[in-house]
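Alright, structures below, take your time with them.
Okay, so chain A shows up in both of these, paired with chain B first and chain C after.
And then the complex of A and B:
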């Protein structure tokens, strides 16, 4: 039986390659389409099941088949005065605020780091890997280390406004490499000559940054911030040991799933958070679409007849 | 103020990059106000570095740069009375044509209404009034080039530096822009300093050409001087269509020197000491091609590999004992001369057309 499962696993890996290599495009297309659809079902199927289960009536159960479809009972439960729900709502509020702060910090740090890494500097290689290191270190170790440090320094976890600082810290450490990589790729494609031209025309460094640099890269900054927001919103293992009594949304969900009797409101809560993520992605698309909007207006000639519209840059070599 | 101080003066300018790489060495040059000067040279010859130092985007390791007697060393690009049209134009992609052109005035603190009036005038000058509200990406290469020009013209600089200004354009457009640029420069009467690696472009546009090679100025001269009297082998070869002979000076004959080369004796105007090495160049279009016997001096036997029809002339690719040799003959001879492809012919030239090169 185990052997059969191994075989299926290998097949899953081999099928797309075999289809691409062995079949002509016309034949491989339907095979790959079916494969891709199965993949989508695998990815989003659980979410659909969750959505369906969240729409059950009062007697709804935690497993399929769903009962008493369709009702918004478990959504209205989210708004009830049950102590669990009150805690969840508090968690959502805290998480949103924390994520927003982390987003801003990540965006600003990613921007400044990206600017710094436009040139080589002493230790730039080491710093690069140091930033990326937090992608590879187990998150739990980070929060464990930090909670020891807090204890040693004498800071009480989760106390007062200061209690939020460690949470923001670990979440930023987690989000920063992503934002940083976004800015690195932005600056990779960035053409610094426009800045040189601006300075040549009399712009100061600050003016050049405001008038030329920022308008050209700010979708990247926004993207870095968005990474900060979503990663902070979902962050669990790093926050877990340093949060003390402050419960963010993921921590609250963890408490619910381990400590209380599960009811379908967990599903409606899940649906709400997923919709929130979709909303964020949509926001990003709208914002980046506003600036990156491609105008399709064709290049018109100025009547000279000679001016060719092709803008193929010749292999011009400078010094 | 002496005459020498007017215009742009580069005195003993060196630029040595970290790692002891000398990019520019011993550059001395005086550019008159209103002159069209072209820096010409192969990649890596130091021409762009020189331009960047003039523009203030780089500083000389030693030496001085003055404009109308004022020392420019250490003065920021913005504070110099000159502006640069960058290679690939470096337009602001997020700003409209009007905003691009008005930028320099905005930086000078000119109020909005005034700078728009002046920017519109500059845009009109380069013939882009209809495109004023477009973004650079909606313009063709030639139009972007003109926006870049208008953007610097509007600030009324004393001199404009152009780094490979025609490099991004296709050939037909290059030819058109050469004329346009030159006409514009005459109309405005301001100094243009233009960097290119294209000989034809330099010859067609410059009042004076500065040929650079191996970090130093190889020769400064009018297009005609460079074409007819290249100073040394580097210039002769780089300007193209020159044949260079090397040999040993065997003696003099009146005002001429006689050079013994592996391809025979060559007499050329100039002076020299017998026994010293001597080189000379002969322009392709001064070479006569015939089926006559090879003369004792200034004549070589060559094989015609290929006759290239150029429209107004025929370029003959000849083989001189394994070395390429060029000649240019009038277009009318094309049919006649093609018959000799693959055969031996005689190439000769007059003594006065040859040119003794500096060693």
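And then the complex of A and C:
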């Protein structure tokens, strides 16, 4: 019996791949469409199951079958005076503030790095690989190394205002490559002639940057900041060993999940964070959509058009 | 034109494109962007370069260097004694077979997950890039598929609990709905199978994205040329599409392999404490606290990852020569 299940599993994996290899895209498209739907179920299914279970009534448990659908009991529980929930709400508050700071720093650093990479400079290759490295370093290792560094220089984790610095540090390292990619895609289609014109007319470097460059790329900077906000809000492994007593939302969730008895409020808390993330993505899409439209209009009006940043797959990719 | 000529032409075209694609994905990516800006003084360059560089030195490079340093420093009751050289951390790791066994398991797990990510991710990227004709739908579907990436990683792990548990969705389906099993499968949660399933779901997007970009920017002319000249679909795929998308596959492999090697939270939460990875082992030493041993474990992990990445890059070099 088990063998049969393995066989079905292998078939599900192999058939679409074989269809892709053997058939022209026109013929393999139906198979691939079905496969794509299965993939969507795979990606979203667990979250949907969690959402359903979060809508149970008082007697609800962590597993199926769902009891007393649909009730917001476990959501109102998030607002209760239980000590766990107080900690969770504090976590949410801290996370939002931290994410905001990380967002601003990510936006600024992505902007400066984006500007830097518009021309080749000594060490640009090394810096580029360092940015890639920040994407590739497993979170636990980064966290571990930074906690060593803190011990070495004698900074107490999680104490006072200084305690927030390492958290902001690693979360920004995580968000920076994404923000940087956004800025790269912006500068990739950026028209430098406006800058040259300003400079020819006698504007200083600072004026040119403030009056010409920045208005043209601010959506990119904003996008980089939004990336920073979302990624920082959801960051776990990098924050894990350097946070000390400062428990951000994902850390609270981890603590709740590993400790004691699980109740369905874990699910409602999960759903709340998912909704928050999707809201932020929607915001990102709206902002990039707006600039996309502005660009089209500019092209229609004067035929040339300022090459304003627009939503590109590269900007939306995330990796 | 004979079919041999056709084959030859398509092959040449494909090779040229492979070279182009590779030049874009390599270090020269920097150079591509480096000519759009105005000339500027070294001081201005420094001003733009410095903030990001300092940040990365402080919060990325320094921590990684610290791991290597601490691994050869003396342990003290709560931390380590700087510059007191010892290899105790390493000898402690190899005193028992636990570390090596765990390392072996972690490598095997990472390889399985990487392979599954290719097997699952490639057709998905292929469908998105070549099966969806409208750009609008393409971007919409791509963003839809990518959205879970922005959901908190812990939440995505937690979401597997109702699916994999003894009374989870899968067992519920097997026992109650189709009735193919009388008893639920105990081994679903807290098993290697569960961990691999969750890891594939967590990291497959790192594979889909680079392959998608490689396939989406692929020049249709090469494919049409090969097809017009009588190449079978399988041949078009093998000799044109696949070679052109390999840089994307390579980047995806590096991401998935490295990130899964360093995994901690998924193994802890879904493995339920019974299954270890190098990450959880390092964490356990850190908690003791035995920081030098944790650092030694992490250093070896980094070394293995680096070797893995080097092998992958080497593999791609060999292909270039052939």
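As a working rule, the second predicted complex is superposed on the first by the 262 of 319 C-alpha atoms of A that agree within 3 Å, B and C clash if a C-alpha of one lies under 4 Å from a C-alpha of the other, contacts with A are read in each partner's own complex, and residues count from 1 in each chain.
Basically, contacts are C-beta pairs under 8 Å (C-beta built on N, C-alpha and C of every residue); 3 or more make two chains touch, one makes a residue touch a chain.
Treat the numbers as computed from the prediction; the structure is a model and nothing was measured.
S.K.: Of chain B and chain C, which one touches more residues of chain A?
M.R.: Of the two chains, more chain A residues are contacted by C.
S.K.: Applying the document's definition of touch, where does A:267 land relative to chain B and chain C: first, second, both, or neither?
M.R.: Only chain C is touched by A:267; chain B is not.
S.K.: Where does A:207 make contact in the superposed view: on chain B (first), on chain C (second), on both, or on neither?
M.R.: first
S.K.: Of the partners chain B and chain C, which touch A:101 in the superposed model: first, second, both, neither?
M.R.: neither
S.K.: Touch check for A:23: first (chain B), second (chain C), both, or neither?
M.R.: A:23 contacts chain C only, not chain B.
S.K.: Touching A:199, do we find chain B (first), chain C (second), both, or neither?
M.R.: both
S.K.: Where does A:216 make contact in the superposed view: on chain B (first), on chain C (second), on both, or on neither?
M.R.: After superposition on chain A, A:216 lies in contact with chain B alone.
S.K.: Which chain A residues contact chain B in one complex and chain C in the other?
M.R.: In the superposed arrangement, which is not itself an observed complex, chain A uses residues 196, 199, 311, 313-314, 316-319 for both chain B and chain C.
S.K.: Considering the complex alone, what residue numbers of chain C touch chain A?
M.R.: Touching chain A: residues 27, 29-31, 33-40, 44-45, 47-53, 55-56, 58-67, 69-70, 79-80, 82, 116, 119-120, 122-124, 126-128, 130-131, 139, 141-156, 158-163, 165-169, 172, 180-181, 201, 205-206, 209-210, 212-213, 216, 227, 233-234, 236-238, 254-255, 258-259, 261-265, 268-269, 279, 282-283, 286, 291, 294-295, 298, 301-302 of chain C.
S.K.: Spell out the part of chain A that touches chain B in their complex, as residue ranges.
M.R.: Going by the criterion above, the answer is residues 191, 193-194, 196-204, 207, 211-212, 215-216, 291, 295, 297, 299-302, 304, 306-314, 316-319.
S.K.: Can you check the complex and tell me which residues of chain A touch chain C?
M.R.: Residues 1, 13-14, 16-17, 20-25, 27-29, 32-33, 35-36, 39-40, 42-47, 49-50, 53, 62-65, 105, 108-109, 112-113, 115-121, 123-125, 127-131, 133-142, 144-149, 151-152, 166, 169-170, 172-173, 176, 184, 187-188, 190, 192, 195-196, 199, 205, 230-231, 233-234, 236-237, 240-241, 249-250, 253-254, 257-258, 262, 266-267, 270, 273-274, 277-278, 280-281, 285, 311, 313-314, 316-319.
S.K.: Which residues, counting only chain B, touch chain A once they are in their complex?
M.R.: 23, 43-49, 55-57, 76-78, 83-84, 86-88, 90-94, 103-104, 107-108, 127-128, 130-131, 134-135, 137-144, 151-152, 155, 163-164, 167-170, 172-173, 176, 195, 197
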